[in-house]
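Pasting the structures here.
Look at the two complexes coming up: subunit A is in both, with subunit B in one and subunit C in the other.
Moving on to the complex of A and B:
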């Protein structure tokens, strides 16, 4: 596949991201939003089934979450907005219209700063609006696709679940930037407790608009891509589309304005509908709902309730803890990990060393187990104790890592773990340590000879001896003391 | 005096004082239906067993000395677009022919809580789209004042039921005149409250922005009584106002109209009016003058000239989307097709009448790109201008008199074929709907040949209570309309 970095034509990408709002109930009725895995059509009521005579009742929590996300995106929250009916027939849409905001939306005109390939970039946000989700069609075929299905079933369990759609300006110029924007947006949604942002479960869905600019700099014809279920497929679909469009243009063809579906299995985009067959949604103001009125006082209240945002936390960590941008990006990626780190520091661990331990060791252990920081068994205060012992040279890093592994697997005390690790808090130092070094050197006289004759230019042999000493002393020795004693011995 | 001749208030009083039982009232109502229904055809479903059971339960509570609601034991009928739990609700449409709702409309719940006893579900023009109650799966309802004529519509079944003495009180829905006009044609009183006074929850929508639950009765007092029961905040309808309603019966103690300013519609040059109705309007104005009001002729140029066009653009656009839910998938008639589009087309073509399809197609066109800018957009602007015209009007006067309908009740089958002519019959009612204003049809007596005369009294938005007071004074001067013995008058004109 062609690399988008080699595209002769400038790439212009805008994204429409739907995130499922983290409310207990649906947008317009009291049904639960926890629909995944439920028996079809059991998570429904007369309102979301569009039973004649029923009326929607707006869920205030969805409005609050929409406003919160809008504030996180630096949008202006509107005092007055309303809903429209987006009319189209499809069996998963019970009313034959989707209630969505159109024109007057809850939040407008914001931005999101991202960093892509080491370069900062500001992606402007056109607006954020609230809308309801549709149900789902189930096709009784082997692959679950419509093709070949003798009939289709419809499940309204998801119908009416609240979504907020965030529409960006076409400010991204590569698939990587598009991915980084989605990653940052997802991080923001999670920081704000607005959504779990899971792409795989459909809590976060991305539609992309992509065009290649003309030689004179004017925008090319835009193509919309749907059905990308992971960050990887987002990037792949965009890469594919850039290559496809370049190929069409190179051969003198024209890009058709259309909607294309990404096929994850075949790794291609396929035309779904073009401009001529595009739907006219006949937007109509939703007269069954009173307008959304948010007072300035309420907006102030939403602002006061805003938690620290990812980039605010990042800047604070850099300033307060003297950490690098890269370190902090990792520590603040998840607010739960950031909180864990802060708790470790608060429990007395030196910030720089604690950062290394959380970033390298805690994440390693979590990764190995496929576990999550929120249910990590090692408490920040214990980790702080461990880090302090390393800092005070009571334990070597190697032994401390073993202890961390033990503590994260078993419910035992720090003391017990230290005991089991074989490490003694009795330090092996001075003459005693010197004896061990002499013994190791004697047993490896050939290596010592190599070093002394100056053949160990890269210092690998010294490190080898150092490692043997550390192993022999079972972590009771301080590595720096081992290093200095060993150099003396080798020089002598 | 027979029970069926009593008003709702008198019926409730008779039951409370044990002059007769709730079951007596229900049986009287049912026998009246049994006697005339084959001629009038006002009811889609008569809920006899449920009514008797409800009445007996009330009688038991009365016997135990329990305090009951203001309408305890009063028989009533609801238009068949009000959802009734366990009772078929058809909207007079083939698509809902066998549909039984699982819940009650809020207005039905409020009536039940007040002790009213549901006797039947009444006929309407399919989905409340029409003004003659001829377009229905059960066939046309006939006007009890003259069985050769239409009862008006779309709440023609409710209006005919009250006029024929089936019940003293009925509920209808008024979108562009659907309660006021049939009340006029059947010679009774009917009121469309201000938009937002009564919950629309459970009313199968025609046009969300205009539909309003509306009572029909033979006295203004009963309208006020009914409104006191049904007009209240409802958490199930956020377009229903949350404010605390006044006592709608309080203003009925008004004794004269001293200090009141009444406007009378004066823009007749351009309109074709039946002269009897012009005379009825003059009579109403004279009554107001005699009662001490200052009366002045006032034109309403924007509302009357552009009302019908604006109304149909607004209502049909709304209806085209509201009726989309009838796709044959979850409820109602379902007809298979080779493709999804075929299924939709087969189901909807076979199950909606021509008039309903006409309105859906018109509404769909009106919202289509290109048309929207030329029709729906301007309609919204005209509606704003009309609102300003009404604001100005009610800064000068307390109430406004105008005809309810430009024509007397017409013979069955004469206008059904000409939709444009039918729509023009709404000229005096639709502006009031677009303004969200309260409007009351008052029976102004009868012609020598016993056809009902009528006038419409309109007030400012949320001026429902004061309006009832003024209407009551006019009714007192005219006299209450009597119960009709359904019959066919001599050859209809």
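Moving on to the complex of A and C:
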């Protein structure tokens, strides 16, 4: 199938991203939101089970987190918003309606700047609204799907958990842009402590609206895709849908406005239902809840409490530490990693070298162990000491990497790790290094002869000798000095 | 003043409510709606001069609550009221899918 880059028609994508808010309790009742792995129907109460006579009471933290996310997206926080009932009859809703914001939402009209394929792009945000999550259905079939199920089972532990839904304008024009938007949004949510943003556990869910424009530039018929539980799924589902819609239109067919489900195993989208319109849901105001009133003073308070945002940190790192955009993008991807890097620099490590060590070595060790920076055992101050020793040429980079591996695996001091590595912090330089090089050259006179007679066109033999010197010195020599002294020796 | 609906309004109401109405049922629906309207109109004939206002002392609920976890002790009682339970789940009848 042709990919999106070869699409004959312009691609128009808008995303609806649901983010589970990082509250302790549900949106309208004091049940815990910690439902992963819990026995079904234990985090429930009369409110979220919709027992008649109960009344919802809004969680204050959900309002604050929704406003904070809205501010991060450059939205205007509304002084007045309210909740509606969105009616649909499905057993994952205990009340047969979902309490959600509609029309008057907590935040409107923002944007998120992303970079995709090396180009900056601004994706406008239509609005952010608060709503409650539905329960979880389990279908007792072989493949767990609804089709063929004689009955279904419901777990309401998730029912009522607070979500913020962020609705973008249709400003993305490729699956890669859609992915980059979600990545940036997730980063923002994590920086703001609004959500953990884990797609695998369902804390962040994406529905995509996609259409192909007509020849006259007007928007084509929109199709909604659901059930994408990873960034890879999102991209693949959009790629598939672009190819499918192009094929339908090429053969003279027309696109039906509908909701389609992404089948991750088969890598296809399947028609789920005709797309609902707002009137299908019979929205009407939730009379059991007072409107959300946020005063200007409260909004100012939310603004003052905002932490440094990812792009602000990125710009500051570039300015203060003289790092490149690419370096800073990696360092600021997670705020915990950015903080770690800042602590390493604060402990005296040179910013540029510290950036290399955190980006390359710390991330390598974390990846190898499947670990997270927040529980990385090597303290920033110890790493700073190690980096300083490399900077001062007391240790070679090679030996310092081995030492870092040791320090991250065992609870030992830097001195002990240096001792165990066999390296001396005394550098092998000048005459001492020259003696080693003389010895290596004497023992490999045939190689030296090959180089001197100009037969080592690609420089492989020189590198061979350099490697022998580094091995002999056990990393106590500076590679650039080895290279320089060896060149002089071979020229002589 | 008594209101009435005609066939056209009846059909419009059915459309608005997304109720499919067979042609032979329209007159019956129209008559039923008019009966209800007639009954409601009786309220207008009541003499309410000496009827006191109904007052209700309602507990004032806060519009928002702190994010503090509470535990509901009578969970099992509510689960036992469900029509069907299977293990820890509520069991619901077959869901008809569109595929």
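Convention: the second predicted complex is superposed on the first by the 485 of 492 C-alpha atoms of A that agree within 3 Å, B and C clash if a C-alpha of one lies under 4 Å from a C-alpha of the other, contacts with A are read in each partner's own complex, and residues count from 1 in each chain.
What we mean here is this: contacts are C-beta pairs under 8 Å (C-beta built on N, C-alpha and C of every residue); 3 or more make two chains touch, one makes a residue touch a chain.
Note that this is a predicted model, so its numbers are computed, not measured.
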item: Simultaneous placement of subunit C and subunit B on subunit A, clash or fit; value: clash
item: Greater residue coverage of subunit A in the superposed arrangement, subunit B or subunit C; value: C
item: Which of subunit B and subunit C A:142 touches, first, second, both or neither; value: neither
item: Partner chain(s) touched by A:290 [first = subunit B, second = subunit C, both, neither]; value: both
item: Touched partner set for A:51, first subunit B, second subunit C, both or neither; value: both
item: Subunit B versus subunit C as contact partner of A:265, first or second or both or neither; value: neither
item: Which superposed partner A:442 touches (first subunit B, second subunit C, both, neither); value: neither
item: Which superposed partner A:91 touches (first subunit B, second subunit C, both, neither); value: both
item: Partner chain(s) touched by A:215 [first = subunit B, second = subunit C, both, neither]; value: neither
item: Common ground on subunit A, meaning residues reached by subunit C in one complex and by subunit B in the other; value: 46, 49, 51, 55, 57-58, 91, 154, 289-290
item: Residue ranges of subunit A in contact with subunit B within the complex; value: 46, 49-55, 57-58, 85, 87, 89, 91, 94-97, 154, 280, 282-284, 286-290
item: Subunit C-facing residues of subunit A, complex; value: 23-25, 29-32, 39-42, 44-46, 49, 51, 55, 57-63, 90-91, 137-138, 146-147, 149-156, 270-273, 289-290
item: Of subunit B, residues touching subunit A in the complex; value: 81-83, 89, 91, 96, 99, 101-103, 105, 200-205, 207-209, 235-239, 317-318, 320-321, 324-327, 329-331, 340, 344, 364, 367-369, 372, 376
item: Contact footprint of subunit A on subunit C as seen in their complex; value: 61-70, 72, 75, 78-79, 86-95, 97-99
